[in-house]
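In the two assemblies presented below, chain A is common to both, partnered first by chain B and then by chain C.
Showing the complex of A and B:
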């Protein structure tokens, strides 16, 4: 016993040992709230559990074969990828705004604050406000559009318009965060690069594409990956604004998981877990691919020591 | 010194770890519990299952007093009346029986109750609709209440037979009535009728009349619609048309879908024409949104339940109530209700206390109070024959209309599944472009696969 304690002490003296001790609390939280539920979800997806929590039976891969034949699942998958369009829109918009707001003048700082405000607002509150603004009967946007001659647009009840509307709302909410991260990235680029390129006769556009953009790859990569992972899991806006309608055109994977497991009879938790497992594998695959691609580009283009 | 330091750091790390573990109860808010009714003490909310020992029984508040916990989803204005009744009951029964009520929205209710029953943290009393009573009884989640009348001495013949039949499954009584209603009456806006040149006192009595009037009442330039066709979060109004034309959804004897029968095809053609070609309804509109449109005077007619009345009154709509129009096979309206049910695992003492509360609820005095305040037709004969109730025009009208009401898809466990996942989506599809036969055939095969998977 004393020798065990002694060797443990020796272990803690080394930096590596102490480091493990410091991450232990975070790891335990991760274990309880992420890893254990994840493993549970995988286990449940192989059973036939409903919300009545009757003792479940092992049913093998039947939930997975069911979702392969389920039209609504493929529709949800398609809608999730459709929603991914939010990421390039948001990143490009954030990038353009960041380039214009990167200097530290008073006006630019004020503008940055304004653009950042939607990010800190509650997503549910924003969704509620936007669904009122866009309501076909009582919203002011459709009203003003009819005043200038456009037909009565049903932003959230028209099957073709609902998803683009939600995408634009999400872009509006998120681009502030992207903008801030990219501004930090731009401000870390040494001014000497720009001066040197100016002496060589480069104008603003060339500077942007040859200096700013390549050196922003780490920040851009971070924004793209985090936003992609977030977008694939979108739920709040859709739940508040359209609940997956109209005609399931805004039903993404997480919305479908909620509908199947918690919203309608027969509250099939196993089937919902199977969809969640598929979503997990999808996000993991996309994150690994994106990460790989962007880290390779990083090491090739950066010449900093 | 170094040894002391390492011991201290070890203790601090342990403290951090414990502080991360402990709030598994508080960092997980108990599934978005709605704050309990303003007058109820916070003890009404059930503690999360993770940290509390399974307690189907509540310890008595004082010597001899039994506290029964009651969960329901009466979040609307009728919830205020319910709270008043419960408070009065508690005042009359201090020291004997106390009712602690917890009101939450319907989706939270559906997500909390089944797991709570499975983990022995369920309340002693819940209010369920008919379809859920059937599902819960099949899952063994609620108790058989067939001994209610013997145990309490309540007069069974005072109840309308339909009010007891509706929650009687396999010869056992699983629910005691709380309220009964016909969830489909025709509500129409008399002012819009007059403005369109129609007689404001003559609502449509057949489906053909409904169509011609709806077209006259639709005016796209004013944003006005003739007949509202709910796409979700509403009673199953389409049942009026399906059954009225002699069709049905499921052939119970053969456990097969009959959704694509010829009679139904005509009905769905009719609905598609109304919605897509004649544009008499706002598209993809759910319960609350449709109520808003009606209350703002932009909708002329819809089928809805008696809960619509307070909203129409408060928005000064000059409305009329009538029986739904008839089809080629007659008139059909949906008989629905809210039942009291007792979750499995409730001990005998609490069950007896609940029985006393249910006896109070179904007394003539309380039945009259609930009916006249809420405006729902009564199901107790003694209340129906009360002169004040008879004099109430709205209630008499509703009670009369309810005479033809019958349950929709009775005894079918997957009824809720079919309504939510097949029929309402079909209604939504019919409001958009497409071939009716394709849509209906697809829906019919979906009904079949649901029936198969529930074997």
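Showing the complex of A and C:
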């Protein structure tokens, strides 16, 4: 046994053995707290488990067949896609601002710093602030709008306005991130391209469509894909601002999972898991479709390495 | 030679100035409103400025919410997760960057897969698992699941890949073992990437809502986001103190941002360029 231990020690001293030791803590963490829960999520969705954790029974596909007839599920799915409208608004605003602010002047640097501030703030606090600003009774924005002749708007309690309102506040919160990523992309475009095109008489608009936009496609793609995946997981601002209401018009898939499993009787964890599995398939689908795009460089590096 | 200012430039400048106002206004409003008296906050028509100013909202929130507990929990949770995950992620990233070993590609794909799983899919089984392990509503339950993440491993890997090979060869000649090479040579050289990852993790965990909301069950264990969201949800607090609590939760990260701006921006830029 001591010799075995010693030879194990010797093995670890060599680079190859050390490599496994370096990976071990991260591997164990990811295995126990990501992979095992993933497998269990699928298992639970075939059972009838509630939050009281009584021994569950296998119920087959009944949770999934229940989904098909559940209007509230279809409504949540529709709302999740509705919320995806946030992505084009946010990316276009981020792109325009990035183009205007990509040069390093004092004013532009200052503006960038400020536009990035909302992205570091917690969604919870930001959502609280916005729900006050937009409140129908005491909010300052609805009041200002009545001063310019609009009716008293119920931003968060009108079923038709709640989702657009949440989308706009999310754009406000997130466009700074897109802007930063795109500025980094624009700044890595060689200046000589612009100089050459200028000699050929191209103006700013032509340069934008012929040089900036085509060369930004990779960064733009990254922003669109990560924001789409992130938007399908939207929760915090909805939880704080509307809790899914009014009339379930802002209840997205994640909000519905939370409401089914954790906030309303009978705390049906299995049914919530079934919804989660659908969400997973949705996101996995998008990830796989765009997988090559996001990981090509990583895996190429690895196979060469 | 005077620089000619085109109408286009004027338009851009005015648009940016307006956007600055739109972005700053809610913060400005929050700052003023937390010092207003409650009758000024709820009066109609609403006004931006109050008739008189006071710190009573801050005193009230301090008395009615266990804010000190919330802050302590957030610091312990976000701080430990940040320190541990930066260490584990850089160790794993280092192995992928500098070593060749059997199963490297398989392990890499394994980690890649974990990056594609949204948290909402894991939350129910994770909740049950943490409960069965007997660490629900404890610091261990909050910290352990977040000790490593795929994003951090990729970020650190791309930082270690760029270091010259001669470094470790020279160190090996000097009789350093692999761990000494990592801790004494590689880690210090990767300081910018380590700080970037640290800030990203600190920010993510500090602001996270759903995760601490699920894995804690008593007021004493809540983090600031979770505690705040619950109290606002119950509508037990007056308006002034609610906003004061929101302001208190924002302040620490804004301060970190002001002093470490460079690393925030650097981290974001490298993330995007990878695509």
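For the reader, a short list of remarks on this structure follows.
Following the convention adopted for this analysis, the second predicted complex is superposed on the first by the 262 of 305 C-alpha atoms of A that agree within 3 Å, B and C clash if a C-alpha of one lies under 4 Å from a C-alpha of the other, contacts with A are read in each partner's own complex, and residues count from 1 in each chain.
Just so we're on the same page, a residue touches a chain if its C-beta (ideal position, glycine included) is under 8 Å from a C-beta of that chain, and two chains touch if they have at least 3 such contacts.
In this text the structure is predicted, and so the values were computed from the model without any measurement.
With both complexes superposed, C is the one of chain B and chain C in contact with more chain A residues. In the superposed model, A:246 lies in contact with chain B only, and not with chain C.
By the touch criterion defined above, A:140 lies against chain C but remains apart from chain B after alignment on the C-alpha atoms of chain A. Contacts of A:277 after superposition: chain C is touched, whereas chain B is not reached. Of the two partner chains, chain B and chain C are each touched by A:53. Using the contact criterion defined above for the overlaid structures, shared-chain residue A:35 touches chain C, although it does not reach chain B. Shared-chain residue A:104: touches no atom of chain B or chain C.
By the touch criterion stated above, A:157 is placed in contact with chain B alone, chain C being left untouched.
After overlaying the two complexes on the shared chain, residue contacts for A:254 are found with chain C alone; chain B is out of touch. Of the two partner chains placed around the shared chain by superposition, neither chain B nor chain C is touched by A:7. Within chain A, the residues touched by chain B in the first complex and by chain C in the second are 13, 22, 25, 29, 32, 53, 137-138, 243, 262.
Of all residues in chain B, only 3, 6, 9-10, 13, 16-17, 19-21, 24, 107, 110-111, 114-115, 117-119, 131, 135, 139, 141, 220, 223, 231-232, 282-286, 289, 292-293, 296, 298, 414, 416-417, 420-421, 425, 428-429, 432, 454 touch chain A in the complex they form.
By the touch criterion stated above, chain A contacts chain B in their complex at residues 9, 12-13, 21-22, 24-25, 28-29, 32, 50-54, 135-138, 152, 154, 157-159, 243, 245-248, 262-267. If you check the complex, the residues on chain A that touch chain C are 13-16, 18-20, 22-23, 25-27, 29-30, 32-38, 40-41, 43-44, 49, 53, 97, 100-101, 107, 111, 113-118, 120-126, 128-130, 132-133, 137-140, 143, 172, 176-177, 180-185, 188, 204, 218-219, 221-223, 225, 229, 232-233, 235-236, 239-240, 243, 253-254, 257-258, 261-262, 269, 272-273, 276-277, 279-280, 283-284, 287, 293-295, 297-299, 301-303, 305.
Only residues 8, 12-13, 15-16, 19-20, 22-24, 26-27, 29-30, 33, 41-48, 88-89, 91-92, 94-97, 99-102, 104-105, 107-108, 110-112, 114, 116-126, 128-129, 131, 144-150, 153-154, 161, 177-179, 182, 203, 206-207, 209-210, 214, 224-225, 228-229, 232-233, 239, 242-243, 246-247, 249-250, 253-254, 257, 261, 264-265, 268-275 of chain C touch chain A when the two sit together in their complex.
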